[in-house]
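Reading through the structure tokens given below for one structure.
Order as written gives the chain letters A, B and C; numbering starts at 1 within each chain.
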């Protein structure tokens, strides 16, 4: 019996070692990227200048009816806000992959502004935005950690719970 | 009669084709740039580093008494907020022209943060900030579209309705 | 008597002329840098890319119990908010020095986002954030003035009064 468990552990370890791309690591952790989002107003979802990629403020991808809405601290718990931030991260990764073809072209996350639709009394913005940042660590390791601000907004478009914008550094071509 | 209309249409098309600079296009659309704004505190209205120009958070140019004030969604309609965002855009263009001499030195808008003085329940931030973005499309075409966030602030300086900061990429010298 | 005063004035002027580094100027003005802050969530306090240094949203350094908390305009006066912004500046300078070794490697402040934990009616955000900006002028002169936005947030982490993020340009190596 032990022999079989040992073999399975070895196989899992080998699989992890082989999971070399961010896409592999996301897949191994059970994540699936959504379809990239389309602009809903007069903007673009990203702009590349030099080796920096600027990402628009992203909400969750998907139909507006399915997106987490409401104020964290009143309509939503911290855990629900964090789950939304993770979905925002998946949506942003879909945009990055759409731009670059391969996520491995990301050198590192440089800066994120994590905006929480929050009450005046809310204080746990970092825990909410960790939902996004922990996902980026799954994909990119330590390079997924950005200079960051995680703050409370009076209101967000369509009353979405979380919106995050980012600057990502790319590997030289 | 048709002959005259046809001639006028041809003349207008020719005028548009000749309107090659952003200044010409703004002028043809009936816009006039205000005097550039002066800092009202310890900052500068823009900083250039490499081929990126960072613009301070801009409100409307002009005397404080004449600037649109109040919360969008309570004191101001979406249309009034959008009109303010357009004036903010004119004010920022005045700063950019003051820095560069010619707006044609702008390669593209990279990123804007559109901050709406909004109620907790407000949801139409993108429509408000479109007032700014549509102006930039008049001036720069598709290059006027930035990576963007359009969000609701608890309060803004002097209770102005809209404040927008930006990063613009410049053509190489 | 006049002779002695004259001598003291000359000595002070000489001391100022010798105070060539930002560290010297801060010291001469009576400021002491705190220990650099540690990340309290999944982020890093700064990221360098090219000759730009991106600083995370900084609050005051120190134990959470000692940090200024509350809403400016309700729990705190403008002067108290401004004093907090100055401490945020000292905390950010500690991070910059930790990264660069010497503050003289800073070429200039490029952009800051000054976030005030403010009521809906608050209007004096620039005066609050001047506490940060005036400190940077002490350290770096005119190069301490950034493109800036100073705005009101619905809420900030742990109910801190002021949070500021920044982009700083570095001298070439």
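The rule is simple: a residue touches a chain if its C-beta (ideal position, glycine included) is under 8 Å from a C-beta of that chain, and two chains touch if they have at least 3 such contacts.
All of these numbers come straight from a predicted model, not from anything done at the bench.
Where the sister copies chain B and chain C meet, the same residue numbers recur on both sides for under half of the interface positions. Chain A maps onto chain B through a rotation of 120°, based on Cα atoms and reported in steps of 5. Between chain B and chain C the centroid-to-centroid distance comes to 30 Å (mean Cα coordinates, whole Å).
Multi-chain contact residues of chain A (touching two or more other chains) are listed as 50, 113, 120, 153-154.
Per the touch definition, chain A reaches chain C in the complex via residues 50-52, 73, 108-113, 118-127, 129-130, 133-134, 137, 145-154, 167, 169.
Within the complex formed with chain C, the chain B residues making contact are 39-47, 49-50, 54-57, 71, 113, 115, 120, 153-159, 163, 165.
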